[in-house]
């Protein structure tokens, strides 16, 4: 009699043969406003069975891809340092084995663990970042390791001109001043993405793609800690993801679904579909 | 002292004089994912009192139309065969009396009962189908009578080229292959509707219109069992309905509202408005 | 040790120095369908801390404006006359002190209290009205003081041609007939706003701006008593507000958030953002 | 084809033959805290189909009783005076026709309308009152017609020593002082009920029974505007109702279910069962 | 890298060594009122991680027991016959391998599948049944295989005097008449359990224990399709389970949690605790 | 015009004159299961206006007591050390000014900050602890500062025999072994409280009282992170609190309300009532 194995739909490959490795980081301790992103990865895995494995958009089928789902990490609540170390270690192992890490959060801070691992392997790493918030604060409520500071911490590692931000529509005045000097911030939507992708394609640089699902409009995705009116549509995000996945992507994540906040389940269903399309676009 | 009669707003005509007869089919036993569509027809009737009877879009008023609401059928849970027979019998009675049947689901399988009755009267019946899902599976989890197979069962009756599908964005690879060979499937939105309506108008063929409300984007309509991101807007649906209602429509349905899934009530309110506009457009 | 003072984010000025005075009117007794707007002002104040004070859209910061939040009025439930008097009195005091009153409802009837005060000071007052509903009934369920009659009561005061209505998509046939004769009603969206603003600008007339948040599409704003499909987007509303705030605005309100109806919190978050942008646009 | 008639389960008798007449008063405009009781009567009717008509407690069956359900009154929101008149008129008609009126609220203020009608017929009327709150205020937020004043208004009519209150555990100090002088108030639970019933039985006085469902503990009945910890159990209430129904009851009501507040539906299901048992106990 | 295995907490033994085998039957197609029990087994497994493995009541620890969790069966919706066969087959395999089957529903009909398998092996099987409802109807809405008929179907197999029912407080008059003639029905609570257990202990008969969680009071367990006021407490159920588990139990089940109906999660947490205590009591 | 001051109902005294100082600690970063206790103190303050200030149980009125509400602390998420320091500092200031600190959490870890401050002033401090969980782990998921370890950390300070635990019904085997050696743990309910209070009264020792609201049964209090079936009733808790408040209490707290988890609001209302009764009992 078989044990009860749960994976994201269609991600039933063995580790050995897999090209992409999916894993969850159920952590949201630094979320200052409304918590619940800790339940995101588990809900996405669980509810993925409401989806088909086949995508009409890309005419591809997840069940024909070799993707392994290693489940959720067990992370320490109340100590971001320990949690980030665990994420970094897990990501590094996947990269070392020649596979693409695909992280599902959790709050956005988890990205830092994965980026650290990717940066160690690829010192010329660039980041493409879709988000409603700039996440460029130096500190937030006294803490440097906070979801509101995560791209700032990534900048500490990567340096100027390596972070390409889209859909940003919220932040402090200081964050936008910082962005002007140090990152490529594109406000509101995906304007400028085509040029960014063209430039990154030419350079061949390794790219890490981080998607805070609150880049989507709250009408599409209310189930997140800090919904920000004025975001992009699902089809716009889908198109942007397919464009970015033509690049040399070496790591990726999707985060900030707080499933309990949207009791209709539509946010979770949309997150599942984003993950399916993202995985299919990444899989060459 | 009067008894407590409940109807969809403005549908207080007597049966004898009515041109359209509304009824509910509170059945969702084959729903594999998230049930609740059984409560759809009752919620639509109950919450319709938040609407006006007058439509500014069509400059028509339901209270000036002769529509009878016969309430919800009492259907057997756990036996789709019995439920479909009851729906077919009720629909056949309405058609025999020279009135237009307007069915509110319930899950999408209920359409099969009404289509059987319409097909017996009109052997050249054509179907116009708005839905996120192709619903063309031969079997689903071992069952041939399932919401995921309903258009396939309709095809069994009507044959090739009689089913016109719009807004479809989800299904198995096999369903799209089947559609290519046997139905007129238009993916994603209402592209191609104008041509379809023109052709059907010219032929004068009797048309059954079936609307799975999940054709709408989940932002507009989260209250359904399997919300699929990337759908159409309310105004697009309204425009499509008005276009289709210019044809020789002999039966119609609206289904898949699961009201408990959207606790805000916005999905139910939108379903009510779709029903009002649909009825007004059908009423000549 | 300090007492526990709660304000809308960034509205911490003292009354004496303030240019705008915010206050809440937690009243919804005449709401016929789904109540809850009484909790709107309190929720907007409470949840505003999920926002930034800085707006990227307008490159302005609330914390640099002098705005005073006087909290919620304590209003009598079950007697609209008493409630309207209290609102009128409070508004009149603010106007007398040379400040701009900014009222947060509550149901839409509360607007009448503020308009009475503004009209006493400015007999040539004009109203710009964004709403899904015409609110022009003479009576509703026997009552003349009802949310469904509020603009009709304003018309009783101001007279013909002074009320400019936008986004209206619901009402009785009689209301639209009344509007044709007595108000400037623009159905469905903001078509015609540019011309209206140009004319009002030229006249220099004092303008009261009343925003029923259900002018927004229910996808964006489900948390309201009578959501009406087919509304405008957040960005359309933002643009319209900025346009109107270029006029000689002497009073303003935002109403009809019923926060409990949207348990995701997205409606409340959107209302907060509308209030922030509205305040920033009003602040010269 | 039949129209869609909705009644409380098993209450399908014709008016002419009925001994008890059920009706709803969907009014909650004076509710100061959390509204929603307006939906109580409709929810009780709708959800009663989850019950059996047979009671094992009393070995009686509703389907064997002659009870008529006249539906919900259409009441004016925002004007308690009009609403109370409508309730009084409807109750008076039922009493005049020799039947027992059974009112389902709505907020507790609706009791006043029914008591006025009963008092006109029976000047020696006594009231048995189960509630968490004393409801004996002279005024509440400036209003004399408020749910918090309803028993005080009844006392205005009936005079001293006619009101017997049980389960009371909340009120202002002044209300308890008033009760000491003018009513028979039994705090916390049903202590003293046996003696009260014995005395009322001996006198043969006509009795009106009013049940605010928040007399139940919030664990049993959270779906009410102001839940008060420390209440009685369902079985205690059942026993008390059966005891009181041995008296000469000439009118009765059940109120203050706010169904939307308990999304589990358990409060509504419990209210349905209270109504069933109350009706069976009243039916001789 | 390990695959993602999910079990009920502490049930991580291998099949070969296990004494008890847990499995889920996510089926609720015949539920006539409020569906959702299909999500019960999955929610119980998922949320069990909020529990400790150690029980202070029994001073035992699940992690010291050898229990295997085989996950949820994949069952056909819309065809109870197929679903029951699958459950019977799975149960028979477990019994054949000398292990105790422990089924988590799903709706109560699933019990029939397991009882069939147990009855084939143990023709003198007796059933101990805890439930709010008698479940003794011959037919329900035309169907013989319905949750409302499940104990009647068990009686068809086992015959008179073999079914011992407790906590029953709802049913039709006919069901109680049937019980009088054919089963040992104890109304309302666990009165009579001690004697029943003593008799069954003396006979040494094989016993199947079926627990419909709605035997609990709705205050304790609102998350079920048809909550019935007047039930037992958690501690009463715990005591009864421990008593029954002293018998020769050859199969057991727990069913009718509908987790979405109680958004607080307390019902699911209580169901988890019942399962833990039940397993510990069964484990000798 | 007055600013908008929010306090717990009836706690409007000035700091200078106050005998008790209320404050909130909105922190829940170490909560491993279901977060949300961060919203507890704010919800209790906000919803307290559904209560009366008068208590019939104690015949006392909050409005006659001198209590100051200093609002919620602004605490760093993601760093328990910083949060605990802030709580300790605030508590120490209150104690230094000769007033009684009354802390509302937040998660249970916040107690440690207040206990540290009390212990510095009173080295012979004893703790009375009401809780479902022992909270005696040495570490939890790698962290020593966790809600699951808070009483263990208190024991680190106070030493053996100083902690008196009641209602405990959940924990690991090791925690109960630790308790046997080092604390006075009374399982399940308040058995033994009378003796404990007598002994503490005789000693005259300073006592800190910490109440984890999950000591209550989940039927009474579902709105908490880890509801544990089998708890005490509200009236039992009330009686225990009044007993303990006869001692020399030098600090107190109430924690672990997660208001969003119980959408009915009953848990919050009950927490408000516990706070009112606790304050009244403490006030001599």
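Every chain is named by a letter (A, B, C, D, E and F) in the order it is written, and numbering of its residues begins at 1.
Operating definition for what follows: a contact is a pair of C-beta atoms (placed from the backbone, for glycine too) under 8 Å apart; a residue touches a chain by one contact, two chains touch by 3 or more.
Only a predicted model underlies this, so the values are computations on that prediction, with no experimental measurement involved.
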Subunit E on subunit F, rotation in degrees - Cα superposition, rounded to nearest 5: 120
Self-contact between copies subunit A and subunit F, residue sets same or different by half: same
Pair in A-E, C-D or E-F that repeats D-F, with over half of contact pairs matching by residue number: E-F
Intercentroid distance (Cα basis), subunit B paired with subunit A, Å: 38
Shared interface positions of subunit A, touching two or more other chains: 217, 219-220, 262-264
Pairs of chains satisfying the touch condition: A-B, A-C, A-E, A-F, B-C, B-D, B-E, C-D, C-F, D-E, D-F, E-F
Residue ranges of subunit A in contact with subunit F within the complex: 28-32, 35-36, 38, 74-80, 82, 141-143, 145-146
Subunit D contact footprint on subunit E (complex, rising order): 33-34, 168-173, 176, 187-188, 217-220, 222-223, 226-230, 261-264, 267
Parts of subunit B lying in touch with subunit C, wherever the complex brings them together: 49-52, 54, 56-57, 61, 217, 219-220, 234-235, 238, 262-266, 269-270, 273-274
Touching residues (chain side subunit E, partner subunit A) in the complex: 1-7, 15, 21, 42, 45-46, 68-72, 93-94, 263
